[in-house]
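Sharing a structure below in structure tokens format, with a few things to ask.
Should a chain be cited, it is by its letter among A, B, C, D, E and F, assigned in written order, with residues numbered from 1 in that chain.
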Amino acid sequence: MTKTFEPLDSGSIPRYAGLPTFMRLPVAEPSQVDIALLGLPFDLGVTNRAGTRHGPRELRNQSSLMRRVHHVTGLSPYDRARVADCGDVLTDPFDLMRSLDLITAHYAGVKAAGALPLTAGGDHLISLPILRGLVQGSLATDGPVGLIQFDAHSDTYDSFFNGARYTHGTPFRRAIEEGLIDPKRFIQIGLRGAISDAGNYDYAREMGVRIVFIEELVARGVDDVMAEAREIVGDRPTYVTFDIDGIDPSQAPGTGTPEIGGFSTREAQAMVRLLDGLNLIGADLVEVAPPFDPSGLTALTGATILFELLCVLAGAVERRAR
Amino acid sequence: MTKTFEPLDSGSIPRYAGLPTFMRLPVAEPSQVDIALLGLPFDLGVTNRAGTRHGPRELRNQSSLMRRVHHVTGLSPYDRARVADCGDVLTDPFDLMRSLDLITAHYAGVKAAGALPLTAGGDHLISLPILRGLVQGSLATDGPVGLIQFDAHSDTYDSFFNGARYTHGTPFRRAIEEGLIDPKRFIQIGLRGAISDAGNYDYAREMGVRIVFIEELVARGVDDVMAEAREIVGDRPTYVTFDIDGIDPSQAPGTGTPEIGGFSTREAQAMVRLLDGLNLIGADLVEVAPPFDPSGLTALTGATILFELLCVLAGAVERRAR
Amino acid sequence: MTKTFEPLDSGSIPRYAGLPTFMRLPVAEPSQVDIALLGLPFDLGVTNRAGTRHGPRELRNQSSLMRRVHHVTGLSPYDRARVADCGDVLTDPFDLMRSLDLITAHYAGVKAAGALPLTAGGDHLISLPILRGLVQGSLATDGPVGLIQFDAHSDTYDSFFNGARYTHGTPFRRAIEEGLIDPKRFIQIGLRGAISDAGNYDYAREMGVRIVFIEELVARGVDDVMAEAREIVGDRPTYVTFDIDGIDPSQAPGTGTPEIGGFSTREAQAMVRLLDGLNLIGADLVEVAPPFDPSGLTALTGATILFELLCVLAGAVERRAR
Amino acid sequence: MTKTFEPLDSGSIPRYAGLPTFMRLPVAEPSQVDIALLGLPFDLGVTNRAGTRHGPRELRNQSSLMRRVHHVTGLSPYDRARVADCGDVLTDPFDLMRSLDLITAHYAGVKAAGALPLTAGGDHLISLPILRGLVQGSLATDGPVGLIQFDAHSDTYDSFFNGARYTHGTPFRRAIEEGLIDPKRFIQIGLRGAISDAGNYDYAREMGVRIVFIEELVARGVDDVMAEAREIVGDRPTYVTFDIDGIDPSQAPGTGTPEIGGFSTREAQAMVRLLDGLNLIGADLVEVAPPFDPSGLTALTGATILFELLCVLAGAVERRAR
Amino acid sequence: MTKTFEPLDSGSIPRYAGLPTFMRLPVAEPSQVDIALLGLPFDLGVTNRAGTRHGPRELRNQSSLMRRVHHVTGLSPYDRARVADCGDVLTDPFDLMRSLDLITAHYAGVKAAGALPLTAGGDHLISLPILRGLVQGSLATDGPVGLIQFDAHSDTYDSFFNGARYTHGTPFRRAIEEGLIDPKRFIQIGLRGAISDAGNYDYAREMGVRIVFIEELVARGVDDVMAEAREIVGDRPTYVTFDIDGIDPSQAPGTGTPEIGGFSTREAQAMVRLLDGLNLIGADLVEVAPPFDPSGLTALTGATILFELLCVLAGAVERRAR
Amino acid sequence: MTKTFEPLDSGSIPRYAGLPTFMRLPVAEPSQVDIALLGLPFDLGVTNRAGTRHGPRELRNQSSLMRRVHHVTGLSPYDRARVADCGDVLTDPFDLMRSLDLITAHYAGVKAAGALPLTAGGDHLISLPILRGLVQGSLATDGPVGLIQFDAHSDTYDSFFNGARYTHGTPFRRAIEEGLIDPKRFIQIGLRGAISDAGNYDYAREMGVRIVFIEELVARGVDDVMAEAREIVGDRPTYVTFDIDGIDPSQAPGTGTPEIGGFSTREAQAMVRLLDGLNLIGADLVEVAPPFDPSGLTALTGATILFELLCVLAGAVERRAR
């Protein structure tokens, strides 16, 4: 692999200068890269507080604080894979269903171009059309994918408000129904918070989804839980979705449905690092809502999680290249 | 008229205590009142920054600072009309077109109950279904109504994003097309800001809508402009719509499309007071977006404009009762 | 028990719509319910930063995010007890001593009505008149009650500023002196922060109050400490008071006397859940000061702790009903 | 007069360095100066939002931005009078009536020391004990004083909440009743906002107080109104009280009872400058509430008004010295 | 002229999507355009509150709200001139003098490329090296240029802190000394605020600079003052510098040295529009400091002033092309 | 030792009253005290976000919340040592190198006066001239000192931006090069975050500096790591530097280079307490940037760490006095 794209050097060009692309990377087309950083400004799926449409811009902004080399591995993702800011995925602000189709087509294109997508959302509904774009085309041959979800909520509700089936509370039920993900290779980590009905988790449980509530995570520790997660998804293709509200709201207040008592950023970083070696096909970071983030901390947290995800994706790219 | 509803007495019950209903009024049904204060939490019509779905709650909250008697007229609207908080108009957060129908039906009901609606929005698209509810039923007999619009924008665009015809930038074009308002009895006051295309005002002008840009308002003064406004709408039924972004963003920053150089609250209050004596059928105050209003000033401004509108509506009620 | 009161269904009515009652519950009288949610807007007891008078309103506001069923127990408090928003307790903003009497009388009334009070304060002084209202009437027959206090401060000072004996730093000394609480059945958890004088804890210690500093809590863990707490209060009537400043200020910055290094919300939730099975007569959540809470996180934390307290109170109601 | 006290030179010592005394002046005793800048941290008189107890500290903080020489007159108050920061007036946070006595005694002392007090409040109730301290001792010989009040509210209510007669809504009724001010030499400028009862202004009017509502101020202009004000108070001793809520909340949002539609800072400065030449005995600037002032603009506005007041007071000192 | 560069169409691509370039324009080189929009992130010249290094990024961000066509003239600058975002001018964060040289060289290059620079600062010191870059090369042949300055401060101090001669309080003294600007063709509009020394304006006055204090501007009105300004600079080459602190801090709080009582945005817009027809060689907008701008209003105001400046510069381009 | 200086008694003088000196202590000269609390407002060393020049003022402000006696040891630093606020160290805002010399001279003077300095910064570059002032004079006789650094970053870079060698990323490389600190007696605790280059830690490692990344700290616990730290520095003279960004940004968001996943305040306090008994010659707390700290939590955290550092310094003073 020829190393092609590098972030601006913050020792030469101050972090406050220049256009805020993701990680201060060049802008490029998916076909030019191994990993495509994408913005997906979208919040038509929210049930209460909107604002995630502004997420990609602030995540780009705060990502100016990121650097090149991971301090634990000593490796730079930019040495292991070609990475660039591939712009925003456009949707239709007045048409939810058309937007889902636009997103699906966009990600099918990214996949066709040979790049792994790393997406900055957007509300959690976007994971559904992303999965459609990545999986539908090869469903007949390759079958559904595995899924590791970091989140405070299960997002496997059936519907809201007079039968709305496409919301940020329903994407993974749809994805299971559509055969995009294999519920037996699906683990949810960090769930918590009161629920609307005692049966809210029934569907997921019946389908075989593994739910790790925050209480279990705290009791067992991240190493043990992540070992189980790795076993569940195995070595087959797996997608990763990280809802920022999985993290405690003291570290990520700017989100639509905050739940106190979440996992810490330290735990989050440790868990993402333990994704290394999996057969990853992409990842997303969702639910950063800048209007509710006066200090910018949520976007900083989100940008750092994006960097951690980028590092494990770069490892996946590198392994495939060998 | 029997005086029935009074705000809580802030000399007995502190303003910080009690549920934040509009103006600290009791909750009642439209059939019990002359003027129905209604919340319309809605932002499916916005083209950029959402958040007006949270408007009614914060307008109620800040309305705790309002008092009973207007200091210029020395009159209390609560002595002149029965007024209550008639709750929120429910919509469908995932279905724009169904929401419009729900709103239309709701206002037809308010009208049938004999109450004048004073609405706290919500984005500006809500004025369309409100007008449908108030006008459609009597269109055959009474014809379209007049409209006085305080605003930074004309909101007479044709469409956005792939033909979206129902947005907060299009309600009054639709209302003219549907025959709900008489463009010859329609005046827009305070418009300003760059436009997307030189022809953006063409439709309004061709239909005969009177546009008063901020520059003209400043040059002529509010008395002169409002005299013209009163002449334009005459003594036939007239609706009033007040977009908070007409006011300068220093006094109303929490809105989706702020434009600097607006009219002041002093000018706004003077203009609303000069609506007294018109044949008013209702009014709305729209585009307060609390997520962009850290200090709460926008909601305070909005609540005070609602009080001013309430006073002139109470006058209209009183005159009809005579 | 007939199930009577339910929160608004957030799958039908969006969380941003409707009046912000506690937990989106109906408004009712104490005599209609088993558990009365009460607001107590009050801050005449503060020694430095005021603002808790605005606490109940913001706690109600953020409680719109709460749901019905506890995710760990799988139980809904609304299935186990009749619960409603019983409004605000009114006080006199210019007369501290009269306010204490008004509060005392109010809670005596709640007790007489047969409801357990769950109060959203207000500064910590309110626990004194609440205890008076709940205990004084039955003191001759039943004696003092036990108390579990989650807090950063002991609140057992004698006086401030020229002999002020009724402040948010003194309620529990007064309550011991008045025989309302049994100091041998009184445990304080989470205390920390520098003190004004080396003897500040002497009174509490001499009376037999058990003080668990944060350092001990961290060293032993919440399970061990709560086992001790349960043993200390035993199966006799016990009140619970939760000062939001017990929680770390990163998770609850909006309070008058923040102390860094507190327990986390995860620990707080775990501790409150371990109150289940105790003979509880009521609880309060105090010291939420919205003017110092720009992000609303403190009120969200407080509302969630109120929900956790509600769940254990509902268990107490259910057990008594059997 | 020997020039004694000078602000720190911002050309040598940066504004961000050093202790934030008023105007970066030295700390001194009233007996050492002609004009005593005093902080009066107090908010026991507020009926709704507290926080003015934190006013003096933030006013000191923002006053670091002030400079030496008035740009219109070309004169420095520090060349015309000895001015220093004379510290805070201490009160009793739990005893309103005792606090009033402490304040009265303090200002009697300032007067005895020969200094004119310029006070940074604190809520508006403080003007009453300040006037007591300045006037009571010489009432028999000199009679009541004149008063010029810049404000959104009349503050001549009789009482609140069960007969509370000492609140920030009542000081000037008390001051008239106590014979401290001559109602015929009392003018209120900028009043506005709805009132609780149509008779709220009756007392002031019956006593002969001149009320200039904001509408009249706008219509006539500041020059004309101030000419009348000067005529009303004449050349006898006069006190000036400036409630920051007289200024529009866009320029002074951090206050307990904001009213939109106020006078601007430009108008405020022009009015204060027109006090030059009057026989001034002191002045205060009240109702700055930092917890409601996230941007610090209110304190900056307040500090600048304090500087303007200082300049006219220095003129009064200079004239007497001649 | 071939129309080349257009902003993204906000009717197709939502304003929240895409990279925040100035006015949503393409990125290009100065040699490709008639007007080069440039960011100059820099705050080494500030004497108190820093933060203008973050100005360009937030001005770009808020400029997403701008549109194409000026509503008063009905003209689009993009129809009259080729305009693009030409990136940031890089400086050395640790070397003030080297930074001035870097800036000078950059603007000499812009001039050589044939583009008029419109700069988003940065503190006010940047105007000095910009003028050097634009004027030094042609000084022998063309002589100094005229200057119109909108500002609260004169910025003609000699030095600060032990002789610092290059600060944001000194650029125009240096520019006069260096012969870059003709003091007889130099007008300053909006000055106000106390000064450090009665002689602070002496230098400017002695050199013949015309100072219009805010009081004169208010008394005469913007039309009259701008007529004088146009006469002063005449038809020879003129530069325009707009310090955001000239605008009242209620409309532009996020700046290092706010002064209350400034001109309004309405007045600012009117004044900039009256620059039309002058022989302009460039312009800058300086002193936007985002860390002190929590609501983003200052950057919105600044972005709108940039658009107004762009419109008059486009007129100058068009006239020259004829 | 004669106890001389005491903080204001918050039981008599409310915390909101009085000038905000450090810990509400008197102002004094270094020669009068054992421990000199010093402000060092400075941010010329920052590479990205400035603002630490405002740190000392806000640290003083929030330190009003501190009290006298440490709750774990039961000891008051004011009983063990004479402590006062010794004012701000002045620097030259436009001359980095001159500023370093001014700081060096100032601390040499503090040392000569016999006081231990406890400094509130300022960016991290200040540790270099502080060490120069404390160590250079006795280098020939006593040799270099030990250093314990709590931080997210190593700050041992060589240079930035065209060879800038004096920045907040380079102080400890310079200090090692200058022989001020013994790299073998130097431990860095809490490091984390991506780095610009894989070799960023090479210099420190080659010199023998002990780096404890956050991952190791979490794995081993604070007791174990601090035992190692104590062993590394031994009983010879040691300086302590605490960068607030070592603490997690949820507890200290207001800093220039936040890194998520840091140690908690609980861990920070535990670590500082374990410095007790070391041969301390001074300490600093740096990188508090108030413009990025809207809630004030960072300054509160910083002030509390200053108190913890003060307690261990007081122990060092007391031991030497025996």
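Following the convention adopted for this analysis, a residue touches a chain if its C-beta (ideal position, glycine included) is under 8 Å from a C-beta of that chain, and two chains touch if they have at least 3 such contacts.
Here the structure is a predicted model, which is why all the values come from computation and not from measurement.
Participant: For chain A and chain B, which third chains touch each of them?
Facilitator: Expected: C, E.
Participant: If we look at chain B and chain F, which chains touch each of them?
Facilitator: Shared contacts of chain B and chain F: A, C, D, E.
Participant: So which chain is farthest from chain E, going by the mean of the CA atoms in each chain?
Facilitator: Measuring from the centre of chain E, the most distant chain centre belongs to C.
Participant: Distance between chain E and chain F based on Cα centroids, please, to the nearest Å.
Facilitator: From the centre of chain E to the centre of chain F is 41 Å.
Participant: Listing for chain B: what residues touch at least two other chains?
Facilitator: Those would be 14, 16, 47, 49, 53-54, 93, 160-162, 248, 250-251, 292, 294-295.
Participant: Between the chains shown, work out who touches whom and classify the graph as line, ring, star, complete or other.
Facilitator: Its topology fits none of the listed shapes; call it other.
Participant: By the document's touch rule, what are all the touching chain pairs in this structure?
Facilitator: Touching chain pairs, listed by label, are A-B, A-C, A-E, A-F, B-C, B-D, B-E, C-D, C-F, D-E, D-F, E-F.
Participant: If you look only at chain F, which of its residues touch chain A in the complex?
Facilitator: Per the touch definition, chain F meets chain A at residues 47-49, 157, 159-162, 191-198, 200, 213-215, 218, 248-251, 253, 257-262, 292, 294-295.
Participant: Which part of chain A faces chain E closely enough to touch in the complex?
Facilitator: 13-14, 16-21, 27, 39, 41, 53-54, 56-57, 60-61, 87-88, 90, 93, 294
Participant: Can you tell me which positions in chain B touch chain A when the two form their complex?
Facilitator: 43-44, 46-47, 49-51, 53-54, 92-96, 98, 160-162, 164, 166-167, 291-292, 294
Participant: Which of the residues in chain B come into contact with chain D in the complex?
Facilitator: Contact set of chain B toward chain D: 9-12, 14-16, 65-72, 74-76, 248, 250-251, 264-266, 268-270, 294-295, 297, 300-301, 304, 307.
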